[in-house]
Amino acid sequence: LRQGFPEVIFGQNKTAKQLIRIFSHLKEHHGTVIATRVSRPKAEKVLSALPELTYHPQARCLTYGQPQRPRKLGTIGILAAGTADLPVAEEAALCAEMMGNPVQKFYDVGVAGLHRLLHLLPQIRRCNVLICVAGMEGALPSVIGGLVSQPVIAVPTSVGYGSHWQGLAPLLTMLNSCAPGIGVVNIDNGYGAAALANAINRLGGVET
Amino acid sequence: LRQGFPEVIFGQNKTAKQLIRIFSHLKEHHGTVIATRVSRPKAEKVLSALPELTYHPQARCLTYGQPQRPRKLGTIGILAAGTADLPVAEEAALCAEMMGNPVQKFYDVGVAGLHRLLHLLPQIRRCNVLICVAGMEGALPSVIGGLVSQPVIAVPTSVGYGSHWQGLAPLLTMLNSCAPGIGVVNIDNGYGAAALANAINRLGGVET
Amino acid sequence: LRQGFPEVIFGQNKTAKQLIRIFSHLKEHHGTVIATRVSRPKAEKVLSALPELTYHPQARCLTYGQPQRPRKLGTIGILAAGTADLPVAEEAALCAEMMGNPVQKFYDVGVAGLHRLLHLLPQIRRCNVLICVAGMEGALPSVIGGLVSQPVIAVPTSVGYGSHWQGLAPLLTMLNSCAPGIGVVNIDNGYGAAALANAINRLGGVET
Amino acid sequence: LRQGFPEVIFGQNKTAKQLIRIFSHLKEHHGTVIATRVSRPKAEKVLSALPELTYHPQARCLTYGQPQRPRKLGTIGILAAGTADLPVAEEAALCAEMMGNPVQKFYDVGVAGLHRLLHLLPQIRRCNVLICVAGMEGALPSVIGGLVSQPVIAVPTSVGYGSHWQGLAPLLTMLNSCAPGIGVVNIDNGYGAAALANAINRLGGVET
Amino acid sequence: LRQGFPEVIFGQNKTAKQLIRIFSHLKEHHGTVIATRVSRPKAEKVLSALPELTYHPQARCLTYGQPQRPRKLGTIGILAAGTADLPVAEEAALCAEMMGNPVQKFYDVGVAGLHRLLHLLPQIRRCNVLICVAGMEGALPSVIGGLVSQPVIAVPTSVGYGSHWQGLAPLLTMLNSCAPGIGVVNIDNGYGAAALANAINRLGGVET
Amino acid sequence: LRQGFPEVIFGQNKTAKQLIRIFSHLKEHHGTVIATRVSRPKAEKVLSALPELTYHPQARCLTYGQPQRPRKLGTIGILAAGTADLPVAEEAALCAEMMGNPVQKFYDVGVAGLHRLLHLLPQIRRCNVLICVAGMEGALPSVIGGLVSQPVIAVPTSVGYGSHWQGLAPLLTMLNSCAPGIGVVNIDNGYGAAALANAINRLGGVET
Amino acid sequence: LRQGFPEVIFGQNKTAKQLIRIFSHLKEHHGTVIATRVSRPKAEKVLSALPELTYHPQARCLTYGQPQRPRKLGTIGILAAGTADLPVAEEAALCAEMMGNPVQKFYDVGVAGLHRLLHLLPQIRRCNVLICVAGMEGALPSVIGGLVSQPVIAVPTSVGYGSHWQGLAPLLTMLNSCAPGIGVVNIDNGYGAAALANAINRLGGVET
Amino acid sequence: LRQGFPEVIFGQNKTAKQLIRIFSHLKEHHGTVIATRVSRPKAEKVLSALPELTYHPQARCLTYGQPQRPRKLGTIGILAAGTADLPVAEEAALCAEMMGNPVQKFYDVGVAGLHRLLHLLPQIRRCNVLICVAGMEGALPSVIGGLVSQPVIAVPTSVGYGSHWQGLAPLLTMLNSCAPGIGVVNIDNGYGAAALANAINRLGGVET
C-alpha cells in the first residue's frame, strides 16, 4: 500500500527488548525502518544489540538504512521559532528525509522577530510544502499562511506553561487560523506532519 | 499572492447590506467571488439586489462567476457518511470547484457500512487528495487513512449530541488518528478543507 | 476615588426601566455616564424617556454628557482585524473617549495582510498605549507586541466557530504570547480594556 | 449477592502490607481472590509472605485460587489493536477467566490494518460478548460494532499523547459511536469491562 | 446482519420531507421502522402524509409496524428517577419493545427516596437486564449496581443546570462508579441503551 | 476573630525550616497549632527540632497542644467509604477534634454495601453535622443527604483514575446532588470541611 | 423525615398542567408547598387554576401556604453584590422564609465598594448563618469568610460573560477560597443554599 | 526596538551548557542579561563557568550586570498574599528592578487579613503601577482594583490544589473581575508582569 514509505515504530511505550525484536524482524523485509520517541538510555540498549542502527538524539529517533532513493521531489520546508521546539521539528525533518524528501530547515523564525522571517521569505516560498512547528501561542502558521500559497502543516508543541495546558493553546490557535490552507496534526506529532508532507510532496514535481 | 484563487467572504457575521456592498466591490476586480455561511433569507435579500449571483442552499454559499479555468488538475474526492454532514461537505465541494478543481463526491460511506466503503475504494484511490467530513465519533478518516496513500484532510462536524460537545469528539478522534498523513481543520470548516486541498492539488499533475 | 472617570453601567442584565432609573439618578451627580451592552430596542425605550442621551449602535452604548475635559494626554491606539470584531473595538474606543482620551483607530490590520500592518507601524508607534481586539485565533497582539515597546492590552473576542469555543482560542493565544508586555482582559471586554488603557495613559504625558 | 464472582481488591492505593492482610483474610472465606493494579515490586513483597499467590506481570494482577468452575458458558472475545493497550486487555482477560469465562484474544486487530480484522471476523462473530480495548483515537469499537450483532463493551485506554488528554479522546469516540449496542466503561478499566462481560455472558448459554 | 432488529432513523437533523421519503422507502422492505428525536410539529407533518405511522409524544418517536415477534425473551427493566428524565426513558422503552423485548418500567425510583427503591428490589431483580436513566448527579446506577448482579446500562441525561454542564456530571458519575458491571452510553441516548440491552437480552433465555 | 480556633498552617508548599520557624513563633501566642499536608520526612525534620509536636501519619498533620476545651458541643460524624479516602477523612477528623469537637467516625460505609450504611443510620442520625468524604463517583453524600436532616458537608477526593480527572467526577456529583442541604468544599479539603463543621456545630447545643 | 420543611417542586422542566396536578395533590397533605424556577407565563396558567397560590416574580417561585411557625430561630443573612444576582438571592430568601427562618437581606455589598461592606459588618455578624450570592468573579464569600466566624454558604451565579463560562469562574473561586468555613452549592442554586442554611440554623438557638 | 530593556532568556527548557553559551554571547553586546526559571543545580553549573553572574534562588533567576540606570521613574508595587506565591512575586520584582524600576514589595497582604491591607493602602496608592500575585482563589486583584486608580497587573499562580487546576481558578477570577483597569498575564508569569509594568511605568513620570 505505502511503497516508498519506511516502516515506522512508535517507540514511546515499548521496552528496549521489544524494540530490538521488532527492528530485527523488520530489517529483513524493509530497507529503511524508523523508531520515534526513543530516549537515549533506551536507544543505547538497542544499539548494543543492533549496532547497525543510528541514534539521532535531538530527534529522539533510531533509524535503520538510508533514505529511500527519491524520484525527483520538491523540498519540504520546516519552520520553528523556539529552541525548545526543536525536538519536534527534528523528528519531522528526519522522518521526511527518511521518506526520501529533500528538507530545508528554517529554525530561527519567530513571530516576535518578524523581519528575519520576512527576510527568509523568498527561500521559504521556494519549498513545495511547509511544516510549521510552534509552541507557546503558536501564531507562526497564521503569519506564514498569509504570506505563502503552498500547503502549510501546523504542529503545535507542548512547550509552554500555565494556561498553555500542554499544547492546548497553540492547537486551538492553529485550528482557528484565519489563513486558509492550513492542516493541523496532534500536539508534538512531528512524525505525522512528515507523513502528510510526504504524501503531499509526492503529488508534486520539482519546486515551483 | 493567490492567483487562481477566488475571493472568499465569510458571510456569517455580515448583514445582507454589507454583503451587497462587498460583492459589488469585489466583482469589479475578480472573476469569481464566494460568500460562505449565508442563510437563505439573507441570500434572498442579496439576490434581489444582485440577481447575477447564484445561491447554493445546501452549501449555504453565494457565488459570482464561473470556476477558474483549470490547468489540468487531479480530482479532489469528498467523502461524507451522514446526511447531516452534507452542508459541510457541500461547502467544501463548491469551494473546491470554484477554485478550479474537479471534484468527486462519495456521500454514502459510513464506517458502519464498511462493505460499501470497500466497494468504492478503487474510485476513491484514483483521487489526488481526499477530504473526509464526519460528525458523531468521526472515525471515517482513520479508516480511509489506513486504506489509501494520498493526503487526507479531515473535517470534524458539529453533528452529534451529548458528549459530542459540538464537535469536540470527532475533532479529538481525528487529531489522535493512528493513520499517518491526516491533516485536520476546524470543526465545520468545509471552506478551509477546500483551500488546503486546492493548495495540495495544484502541486500535483493528473490523477495517479 | 476615580475622579475624571465617568460612571459606567453594565447594561446587559438590566431592563429599560432599570436603566432609566439609574441614568436619572446618576445624571444629577455626574457630568458623564455610560451604559455598555445596550441593545437597540432597549436603547430606544430609554431614549424616549431620556432624549438627552445618545445611542452608539455599533458600540452598543448609551452615553450622557461629553467626554471629560482632558488634561493633555497621549493617544490610545485601537487595533482590530475583522469586521465582526468591531462592536468590541467600538465599545473600547467610545469608553476611552468618554474617559477623556484621544483615540486613533486602526481597523483594517489583520495578521493575514501583514504588509498593511507594517505600513501603518509608524503611526501605531506614535500612540501611548495600544488596545488589540481580535477574534478567530487572536494572533494580532503577538505580532504587534513584537513590533512596538508600548504597553499592549489584548482583548479576545467571541467571534469564531467550532474549536473557538466562544473566545477560548484567542484568550489562550493572548495569555501565552511570546511577546512581553501584554495584559489580557476578559473575552469581549472592550470596556475593561478602555479602563486599563485610561489608567495607563493618565500616567504618561504627551505622545512619545 | 454475587455468587460465582471472585473477590476483587483494587490494589492501586494499597501498601504491600495492606494487601497481605486483606488477602490473608479473604482466602479464608473465598476460593478465588484477585487484586488488580499491583506493580511488580509490590507484588514481590506480597509473594514473599504469601507464596501461594500468582503474579501476572502484564495484567498487573495478583491472584489466589483457580477460576470458578464454569457452568457451560459462551466465550468472551477480547480485541486490542496496539501493544501499549495490552496491560488493560490482559487485566480484562485475566479477570474474565477468574470469573469462570472462556476467553479468546484477538490482539492484533487495528483499524489501520482492516483486512486482518475482516479476516478474523468469522471467529470474532462466534463469541458471545466482545470487549474492545483501544487507545489513540479509539475507533475499533465503532468498526466492530458495525460488523457484529453481539454486545460490545468498549474500553478506552490512556495510551496516546497530546490532545489525547489521558484517554479523553477515545472515551468520547466510543460514547459517540454511530454503531448501536456499545457500552463504555472508564478509561483503562479492564476489570470493569470483565465484570460487565461476565454479567452478560451468564445470561446466555453456549456460543451462538 | 441485524435480523430481528427494526430500522432506526435518527430524526433530529432531518426535515419532515426527508422523513417521509425515508419511511416510504423503508416500509417496503421492513416490517418495523422507528424514527427517534422527532418533535411533535415535524411528526404531524409526517403523519398527514403517512397516516399509518404512530407518534409517541413522550418518547418523541414515530413508529411503523408492530414489535418483532419475540422468541421467548427475558424482561428489560427500565429505571428512572425524575419526571424530566422520562423522554429518554421512554425512548429506551419504546425502542426495546419495538425490538421485541418485554419491558417493565420503574419510573419513581430516586436515590433520595431509597426505601421505595429497596421495596421494588425483588421485582427489579427478576429482570434480565437493567437500563438506568438518570440526570442531576446520576447516582442511581451506582446504587442499583451494588444491589443486583444483572448487567446494568447507565444513561446519563442532560437534565440539570449549572455545573451539570448538559450531562457531564452524571456521565462522569456513571463512568467512575464503584459498582462493577455497568456499561455507559452517550448522554440522552435512550436508543443506544435499548440496542445494547436488546443485544444482551437475546443472549439470555427466560428471566432468572 | 476566631477565638477557640487553633492556628492552622498549610504545610504543602513550606520547607521543614519554614515550618519550624512558624511553629516556634505561633507556640508563643497560641495553645493549639496544626499544620496540614506534612509528609513524613518533612515531619521528622520538624520533630527533631520541636520534639513537643505530634505527627499524625494518616492525617498527614503536625499538631501542637491539646484540643480546645469544648463547651458542651454535639458530635461531628465523619463518613468515608474507601480505604484510599482515609487520609482526607483523618485530616478532617483531627482538625475537628483540635477545634474542640467530639468526633465519631463511620469509615466503612460505601454506597455499594448499602445495608451496612442503613444499619448504622441510627448512630449517624445522632450526630449534629456530617462530613462525607468520597472519591470515585462520590455518590455517598447524595444517599446520606436523602436519609438525614442534618447539614451535610461533602468532600470529594482525588482518589480514582481515568475520567475521574483528579476529583472532578465526585466534585460534580456532589454539586449536582438531588438531596437538599449539602455544602461542598474543594477536592481533598478535609481541613476546610472541619472548619465549616466546627462553625456549624458551635451554633448548636448538644446532640439532637 | 424532614418535618417543618415545606414540599419543594423543581419547576423548570414541568408544564403548567403538571404543576397544577402536583400542587393540587400536595396541598391536601402539606401546609406549605413551594415550586422554584417557574417563569411568569407558566405561573399565570397555574394561578388561573389555583388562585390560592402566590407568585413571587423576582424569586421565580410559586408558593402555597404560610411559612412554618418557627420555633425561636436565629437569622439567616443573605448577601448579594449585583442586581443581576437578585433572582438567585431572592430564591434563597423566599425558600429560607418558607422554611420558617427569619431572613435579613444585604443586597448592595460588593467587593468593589468595600467600605459599605465594612460598614454593615456589625449587622452581618449578628446573623446565625450567611448565604453569599455572587456572579462575575465571585470574590464576596472569600472577603466575608475572612471577616466573620459564622458558617458561610457560597452560591455562584451564572451572571457574567466570556471566560465566566456560565458560572464556572465564581464556582472555582468559591471552592478555592482561602477563608475557612465556606460550603459551596451548585451554580444558581438558591434553593439548595436555603435548605442547607435552614438545616444549620435549626441546630442553633437565637442569634449570637 | 527595546532600548533600556535587558535581554531575557527563558531558562526552563535549556541545559546549563546552552545557558553558558547564550550568556557568553549576550554579555558581549548587552550590559544586563537575565535568565528566568533556572533551578539551583542548573544555576550552579552555569556559575562555575561564569562566576560573574549572580543567582537569585527565590526568584529562580540568573543575572548579569546591574539594573539599567533609570531616568527618574515611579515605583512599581508588588503585592502577594501567600508564602507559596513568593517565587513568582520575586521573579517579577527582580525583572522589574533589572529593567531599571524602583520596586516596593507588599508581601503580607491577603484578602483574609483585610485590615492589614487597608492599613498599607496609603503606601500602595503612592506606587505608579501595581503587580498583584495571587494563587488559591486569586481574589486580591479584585479587592485592590476597587481601592486604587492605578493600573493593576494580575498574575495568577499555580499554587493551590484540587479544583484549582494548576492556576485555572485564579486565572478565571482575575479575568472576570468586577474592578475595572486590570490586565492579566499567564499563570506564574512574573516576568511578563514585570515587562508590562515596565512598559507602563516608562510612560509616567515620578510618583503621583
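The chains carry the letters A, B, C, D, E, F, G and H, assigned in the order they are written, with residues numbered from 1 in each.
Keep this in mind: a residue touches a chain if its C-beta (ideal position, glycine included) is under 8 Å from a C-beta of that chain, and two chains touch if they have at least 3 such contacts.
Note that the structure is a prediction, hence the values are computed from the model and not measured.
Q: Determine the set of chains touching chain C that also touch chain F.
A: Touching chain C as well as chain F, we find G, H.
Q: Which chain has its C-alpha centroid at the greatest distance from the C-alpha centroid of chain H?
A: E
Q: Could you figure out which pair among C-G, B-E or D-E mirrors the A-B interface, over half of its contact pairs being identical by residue number?
A: D-E
Q: Averaged over CA atoms, how far is the centre of chain E from the centre of chain G? Could you give it in whole Å?
A: So the centroids are 36 Å from each other.
Q: Could you give the separation in Å between the centres of chain E and chain F, each centre being the mean of its C-alpha atoms?
A: Roughly 41 Å, centre to centre.
Q: Using CA atom averages as chain centres, what separation in Å is found between chain F and chain G?
A: The separation of the two C-alpha centroids amounts to 26 Å.
Q: Taking each residue of chain F in turn, which ones touch at least two of the other chains?
A: 147, 162-164, 168, 171, 175-176, 186
Q: Would you please name all pairs of chains that touch?
A: A-B, A-C, A-D, A-H, B-C, B-D, B-E, C-G, C-H, D-E, D-F, E-F, E-G, F-G, F-H, G-H
Q: So in the complex, the part of chain E that touches chain B is made up of which residues?
A: Within the complex, chain E contacts chain B at residues 12-14, 18, 156, 158, 166-168, 171, 186-189.
Q: Mind listing the chain B positions that touch chain D in their complex?
A: 81-82, 110-114, 136-139, 142-143, 145-147, 160, 162-165, 168-170, 172-179
Q: Quick check: in the complex, which residue numbers of chain B touch chain E?
A: For this pair, the touching residues of chain B are 83-84, 159, 161-164.
Q: Help me check something: in the complex, which residues belonging to chain F touch chain G?
A: 1-2, 5, 8, 74, 128-129, 147-151, 153, 171, 175-176, 180-186, 191-192, 195-196, 198-201, 203-205, 208
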